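Note that chain A is present in both complexes that follow, paired respectively with chain B and with chain C.
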Partner chain A sequence: METKYNDIIFKEKVVSLFEQNRAQIGANDTTRMSKERDVAFKQFKKVGFPNKKMEAWRNTNLKDVFAYNYNIQFSPADEKPELIEAFQCNIHNFDTQTITLYNGWYLSEDKHLITLPNGTIIGSLAQAIKEYPELVQKHYNKYTNIEENGLIALNTAFSQDGIFIYVPDNVKTYKTIQMVNILDKEDNLFIQNRNLIIVGKNAKLTILHCDDSYNYSRSFTNTVTEVFIDEGAEVDHYKLQNLNDNSTLINTTYFHQELQSKLTTNSITLNGGLIRNKINVVLNGEGGEANVFGVYLVDKEQHIDSQVFVDHAKANCNSDELFKGIIDDNATAVFNGHILVRKDSQHTNASQTNRNVQLTDKATVYTKPFLEIYADDVKCNHGATIGQLDEEALFYIKSRGIGDYDARLLLLYAFAAEVINKISIATLRESIDDLVKKRLRGELAICDQCVLQCKDQENTYEFKIDISKI
Partner chain B sequence: MKEEEQNNILNEVTQGDYKFGFVTDIDMDMAPKGLNEDIIRYISKKKNEPDFMLEYRLRAYRKWLTMQEPDWAHLKIPPIDYQDIIYYAAPKKKKELSSLDEVDPELLDTFNKLGISLEEQKLLSGVAVDAVFDSVSVKTTFSETLEKHGIIFCSFSEAVQNHPDLVKKYVGSVVPYGDNYFAALNSAVFSDGSFCYIPKGVRCPVELSTYFRINTAGTGQFERTLIIADEGSYVSYLEGCTAPQRDENQLHAAVVEIVALKDAEVKYSTVQNWYPGDKNGKGGIFNFVTKRGMCKGSHSKISWTQVETGSAVTWKYPGCILLGDNSIGEFYSVAVTNNHQQADTGSKMIHIGKNTKSTIISKGISAGFSNNSYRGLVKISKRAENSRNYSQCDSLLLGDKCGAHTFPYINTANSSSIVEHEATTSKISEDQLFYCQQRGIDTENAIGLIVNGYAKEVLKQLPMEFAVEAQKLLSISLEGSVG
Partner chain C sequence: MLKIKNLHVSINGKQILRGLNLEVNRGEVHAIMGPNGTGKSTLANVIAGKPGYHIDKGEIIFKGKNILELPPEVRAQEGIFLGFQYPVEIPGVSMTNFMRTAVNEHRKYKGLDPMPAGEFLKLMKEKQQLVEIHAKLTNRSVNEGFSGGEKKKNEIFQMAMLEPELAILDETDSGLDIDALKIVANGVNKLKTKDNATIVITHYQRLLDYIVPDFVHILFDGKIVKSGGKELALILEEKGYEWIKDESPN
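And then the complex of A and B:
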C-alpha cells in the first residue's frame, strides 16, 4: 500500500522545497512572472501529480517513477564539465549552432546570451529575462495551460532556466539551432526546464532538440517549451530522444501559430525509460499548416506516450499527423491524438494516423485517435492500426534469398522510413536514418553515450543485404 | 424505391413534427414516486417473484447507492432526480385473453397508429410480436409456432415464474448488476422485458420482435431483455421503439443481455425512435442503455444492428465479449441527431478467445445543434491469438452548429492480432449534390438520397421490414436540417 502514496509523499516534498526556496527560485522574476508562479504553485498544490484516474493519464502510470527519491538543484553546478566538447554533436556535413543545457542549466563557455549577426538571440532564458524582460514577458507563459495537469503548473512554479531563442521578423536562420539537453549527475535528479522560442513575422527557424543522458542515473525531467510562430513564419522542429532506461521525461510543447504560418515537428524516440511527449498545436490564424510526425522504437520495459492535440481555432488550416511505432519486448506504447475543429473553423483539412507494429505478446499498445468537430465544411480523417509485418512481403524478400532476420529488419526499417523521409534536411535525415537502422539492430541500446557523437559518423550504416537481389 | 413512395416520404418529411406523439389513456396501476428498498420489495411482490430475484434486486440497489452517475460521456445531461420517478406502472390486470378481440380497443388503436397492427403482423409478415406496453406484456402471438420448436419467447416476468432456473443461471451473467450506474439501477427496479430461449440446434423460423412503448407521464421505463441461444441455434431479434410526445424528460435505463453458446448465432436489430424533444431541445427521452452479448461458446456469433434517430440523450454501447474461440462480433450502427439531440454511442469488442473476429461499422449523422459521438473500445487480450478487428466510423455533418466526435480506444496485448481503425468526418459532397440537382432532384430529396446511400452499409443489415421503416426514419429525422 505504501507505494500507492509515493506521489503524495513526493508532492509534499516538492511543496516544502518550493516554500523554502521561494526567494531563490524567483530571483529573476518580473512582477507578473512572480504572480503567475504563485498561481501555478497554488494550482499544483490543489491537483498534485497526474494519476491514472485522469483520462489523459490512464495508460501512463507515474507510480513507479515516484518510488525513487529525487533532488532538485536550485542553482547551476559549480564544476564545468568537460562534456561540452563531447557534445559538440557534429553530424557529418551538418553545420549547427549548439546550445546546451547541462542538468537543466544553461551551459556556456562565456556569455549566457548570444546575438548572431542576423539579430537572432539565443541563450539562457534566465539571462533573457534579465536583458529583454519585455520581449520575454510578451510571450512567456501565454500559451500554456496550467490547468492541463499538475506537471505544467509545477513547471511554471519551479522553472528557473531553459533555452531562449528569438528570431526577429523576416530573418531566416539557415543554420540549424541545436538544443542539447544533457543529464549527468550521480544523484537522482528532478529537472524542470522551461524553453521559450519566439519566431517573428516571415522568419524561418530550424531547431534540433536532443535529449540525451550521459550515464545510467535515474532522472525525472519535466520540460515545458513554448513556441510562438508569428505570421508567415516557418518552423522546422526535430526532437531526438535517446535516454537511458532509468530516465523519465515528460515533454510538453506548446506551438502557437499565427496567420499563414507553417510548422513541421518530428519526434524521434530511440530509447528512454518513460517518455511522454505532449504536443499542443493551436492554429490561431487562417492558412496555417501544422505537420506533426513521430516515430518511436521501444523495447525492454520502456514506455512511450505520444499525446498530440491540434486545435483548429481558425478556418482554412491544414494539419497532418503521422505517428509510427515499433514495440518490442515488454514495452508499452500509448498514442492519444486529439483534433479539435472549433465552430466556424470551416475548410479545415485534418488527418491523423497512428500505425504500430507489435513484435511480442508481452508488448502493449494503446491508441486513441480522437476527433472533436464542431464545423461542417471540413475534411477530417483518422486511422489507427496495430499489426505485424506483412507475411507476404516477408515471404517475397525471403524468396529472394535474404535471411529471415535481415528481411524483418528491412521491413521494419521501411515501416519507420515513412516518417524519417519527411525530414527535410538531407544530412539530418541521413544521420537519423542511420540511427534508426542501428537502433533496429539493437546497437543503440548498449550505446551509453550521446547518439550523435558516435565515432563512425563518416561511415553511413547499411544493412548487410544485397539490395540488387530485390 | 418507387416514385410514389418517395413522394410519401417527402410529404412526411415536410410535415415535420414528431409523428408518433400521442397519449393513450388507460388506467394504470402505479407505485408511489421515489426509490427505496420498500419500492423494490413492492415491485418484486407485485410481480410475485421468487426470493432469488428479490435478493438480486436488493443487492443491485445497495450497489447502486454506492455508485455515481457517470460523467465521462460527451453529453450535457440535466440533473436527474431519481426520487421523482415512478418505478412501476402496469396496465390494470385484465382477465386472461384468448384472442386479439379481447385486447383493450384503445390499446389496439395505439398500435394501429404506429403501424404495427398485431393482426397485420400476424397475418402478413409472419413476425411474432410481444408488445410491451408500459412495462407489462399485453399480448404474445405466434406462441404456438414457437412452442412447436421448443422456443421460449415471453415476457421477463413470465420467464421468472415459469423458467426460474434459466433466469437464475443467466441473469446478470453478461451485464453484472455492478457494471455501471444505470445497469445497477435497472437491475434493482426493472419492471419487465422480454425473455427468449432457443433450444439446441433450433433455427428460429420467424423473426422475433418486441415493440417497446413508453407511456404515462413520469414513468421511467426499465426494460430487461435476456436472450439465450443454446448450442447450434439461430435467432434474429427485432426491437423497435416509438414514444408519445411529452414535455417532461423521461428516463429510460434498459439492460439487454445475450448469451450465445457453442455454434449459436444471434442477430439483434433495433430501430430506436423515441421522442427526441422539440426543436428547442425541450423534453425528450433520456436513453441510458447497457447492451452486451457474450459469445460464450466457440464459433458463436452475435451481431448488433441499430438505427438510432430518437431520444434527447442517448448513452449506449452495445458490445460483445468474444470469449469462445473463433467467435464473431459485429456492430452496425446509424445514429442520427438533429436539433438539440445528443448521442454518445458506439461499441465495445472484448477479444478473449483465439481467432476471434469483430467488425464495427458506425455511421453518424449530425444536424441542427446536435452532438453525435462515437465511442468505442477494441480490446485484444493476451490470449486472443490471431484476432482481427476492423472498425470504421464515419461522421457526416449537416449544418455548422452541430458537432461530430470520435473517441476510439484500441488496446492490444498480443503480437498475432491485427486491429484497424478508420474514420472520416466530412459534409455532404458538393459534387454529389450538384449531380443529383442537375438530374432534377431537389436539394432536400437529394440529401435524403445521399444520406440513405451513406447509411446503406448498415441499413442492408436490417431485416426487410425494418429497413423500410429505418429509411423513412432517417429522412424524417433530418427534416428541416438542410438549407
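And then the complex of A and C:
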C-alpha cells in the first residue's frame, strides 16, 4: 500500500486548485506575467514543497504544517472586519500611512490605489497591474528566483494581490508607510500574497511591515516581497511579527540595490508558531550599503528561522548583518548567513554576526555563518555564539542590590537592545523597546501590537519568556 | 560592624583563605595589603557574595548577622558595597537606568517608596561632581567604552549613590594615573563618616598616601600575618613583600 505524505497530499490539492482556478487567478495578468505564472507553476509541480533533505531547509521542517488542511481564497471575502475605522497604528506620536492586507487581500473602503501629493503611489498590487502595467511589469518577478525553492514558485503561480508601493525619483517620503497583514478567519487559511516596492533614483522610503494575528486560528502564509532600490535611493524597512502560536509564516524578501543605494532592514520577531524570514540582498551597484538586522524572542514550541543571503555583485559595497535571539522552553532558532563576494567585487566590507541566548537545555539553536569570497582585496568577518548570560555581569548588577530576576531581565533586555537601538525612528524605537520589555516580562498579549484597537477581546493571550530558568 | 572569624575558602578544591580573622568597626578605614595571589580579591568577593567560592569553615558576621547564606543583592541592600577591580561592561544598560533600579531596590528593602525622578536626577548630578564624572558618562551604557580611570571613578560614583555602611574597594588604584588616583581617593574621603567603614585592598602603598588607613593588615598565604597602623604600609614599601615571606612562619 502506498502511503502519501501530507506535503504530497497538499501539493496535489494546490496543483488541482490552480488548474481549476487558472483563469480567475490570472485575470489581471499581462501576457508576460501570465507566461511566468505558468512557468512557475510547472516549477512547483516539479519540485513540490521544500523538505528536510534540502540543505537550506535542514533545520526547518514543514511536515507539521501540512498535517492540517488549509483553504485558499481566490477572491477577497465579502465580509469586511467591523473595526475598519479603527485601523490605525497604535504606536503613539507616530504618523504613518497605513495600508492593510486582510487575509492576504488589499483592504480599503473605496480606492484600491492612492497617489500621495508627492507622487508616491500606494495600494493594491492587483489594481496596480491594471492601472500601471508597464511600471509593474518592469520589476515584477525580476528579482525573485523561482528555483530557490518550491514556495517561491508557488507564490509566483498563485499570487493575486498584495501591496504595491512606487516612490518616484527624488521623492522623499518622510511619512512612514505601514503595511499590515492581518489574519482573521475562523477556518485555516493558506495565504500567498505578493508585494512589490519600487523606489526611484535618490528617493527615500520608510516602511513598517507588520504581521499580526487577530485570532487563534491556524494559518499558513507564504509571502514574497520584491524591493527595487534605484541609484542613490534609501530604504528603511522594519518587520514586526507578532503572530499566534498556530501560524506559519514563510516570508521571503528580495532586495535589489543599485549604485550608492542604502538599505536598512530590521526583523523583529516577538511571537509566532513557525516563522522563516528569508532575506536576499543583491548589491548590484558600487557604493551600496546593506544593513540587515534582526532580533527574535521565542519560547514554547516556536520555531524561528532567519536566512540571509547577501550578494556583493559589485565592488566597493558594505554590508552589515546582526541577528540576536533569546530562545526559551523547547523553542528552536535557526540562522543561516551567506555572504557571497564575487570575483570583481574588490574593497568589499562585509560583517555577519549571530548571537543567541539559550535559556533552557531543551531550547535548540542552529547557527551557520558562511562566507564565500572570490575577490582578494576585501574585509569580511563573521561570528556566531550560543550562550547563557554573562555570570560576571550578573554578579556586578546584583552586587548593587538588584535582585536575580531584575538582573537577568536587565541583561536580556540589554542583549536585545543592541538591535533595537539600530531603529532610526525614535518613536518607533521606543514602542518596539516597550514591546520587547513586555515580552520579556511576560506581559505581551497578542493584541498589544495589533493595529485593531479591540482591547475588549475575550481571550487574553500572553507570551512569556521565563527568566527564572536561567 | 564586620567580624570575620576563622574563614577558610576554596575554589575548585584549591584552598585560598586559610583561617582569616578580621574585625572592622564603624568610622574605621582598613587597608589590606599583600602580594598577588594571596587571596585579597577572594576575600572581597566572598564578603560581597560572589558565587563560585566554597566556604569550608568560619563565618562572616555583618551587623550581628551571619551573611554567608544571603544572596549578593541582599548583602548590598544590607549596606555592603564592592568596588570592583575590573568593573564589568554592560552594553545596553544605561548608567541612569542601572542606578535608578539599584537605588530603588535599596529603598524598597528599607520600606521606602521609589525615589521621584526629579529627585533622583538631582542626586545623580550631585554625586557625579564628587568624582568629577561628566554627565555624558551617565548617559552611556554601564562602563561600556569607559577608560580605566573612568571605570574606577564610576565605582566610587555608584558607592556615593548607594551610601553603603561598609565599602570594600578592590585594587581601586590599579591602572590609575596620579590625577585620577587623587580624584578617586578624594571621593572616598568625602564619603567617610563616623558611621561607615571602608576596606581598601591594594598592592601598593601609593593609594594610602591619599586614603589614610587606621589599620593596615598584611595578607599572606590566605591569612592575615601582620596588622598594625599606617606605618606598617611604609615598612612594607621599604622592605618589600620578601620581608613578610621571611617573617612568615611557613
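Here is the rule we use: the second predicted complex is superposed on the first by the 437 of 470 C-alpha atoms of A that agree within 3 Å, B and C clash if a C-alpha of one lies under 4 Å from a C-alpha of the other, contacts with A are read in each partner's own complex, and residues count from 1 in each chain.
Going forward, a residue touches a chain if its C-beta (ideal position, glycine included) is under 8 Å from a C-beta of that chain, and two chains touch if they have at least 3 such contacts.
Being a predicted model, the structure only gives us computed values, none of them experimental.
> Going by the contact rule set out at the top, does A:Glu134 touch chain B (first), chain C (second), both, or neither?
In the superposition, A:Glu134 touches no partner, neither chain B nor chain C.
> For A:Asp344, select first, second, both or neither according to whether it touches chain B, chain C, the two together, or no partner.
After superposition on chain A, A:Asp344 lies in contact with chain B alone.
> Which of the two partners, first being chain B and second being chain C, lies in contact with A:Glu186: first, second, both, or neither?
neither
> Is A:Asp110 touching anything from chain B or chain C once the two structures are fitted on A? First, second, both or neither.
A:Asp110 contacts neither chain B nor chain C.
> Please indicate which partner A:Tyr374 is in contact with in the superposed arrangement: first for chain B, second for chain C, both, or neither.
First partner only.
> Residues of chain A touched by chain B versus by chain C: which partner has the larger set?
B
> Is there a shared patch on chain A that both chain B and chain C touch, and which residues make it up?
none
> Contact residues on chain A for chain B in the complex?
55, 343-344, 346, 358-361, 363-388
> So in the complex, which bits of chain C are touching chain A?
48-51, 71-73, 75-77, 81-82, 84, 87-88, 90-93, 97-99, 101-102, 105-106, 109, 141, 158, 162
> Residue numbers of chain A touching chain C in their complex, please.
Interface residues on the chain A side: 390-393, 395-404, 406-407, 410-411, 413-418, 421.
> Mind listing the chain B positions that touch chain A in their complex?
Per the stated touch rule, the residues are 72, 74, 382, 395, 397-427.
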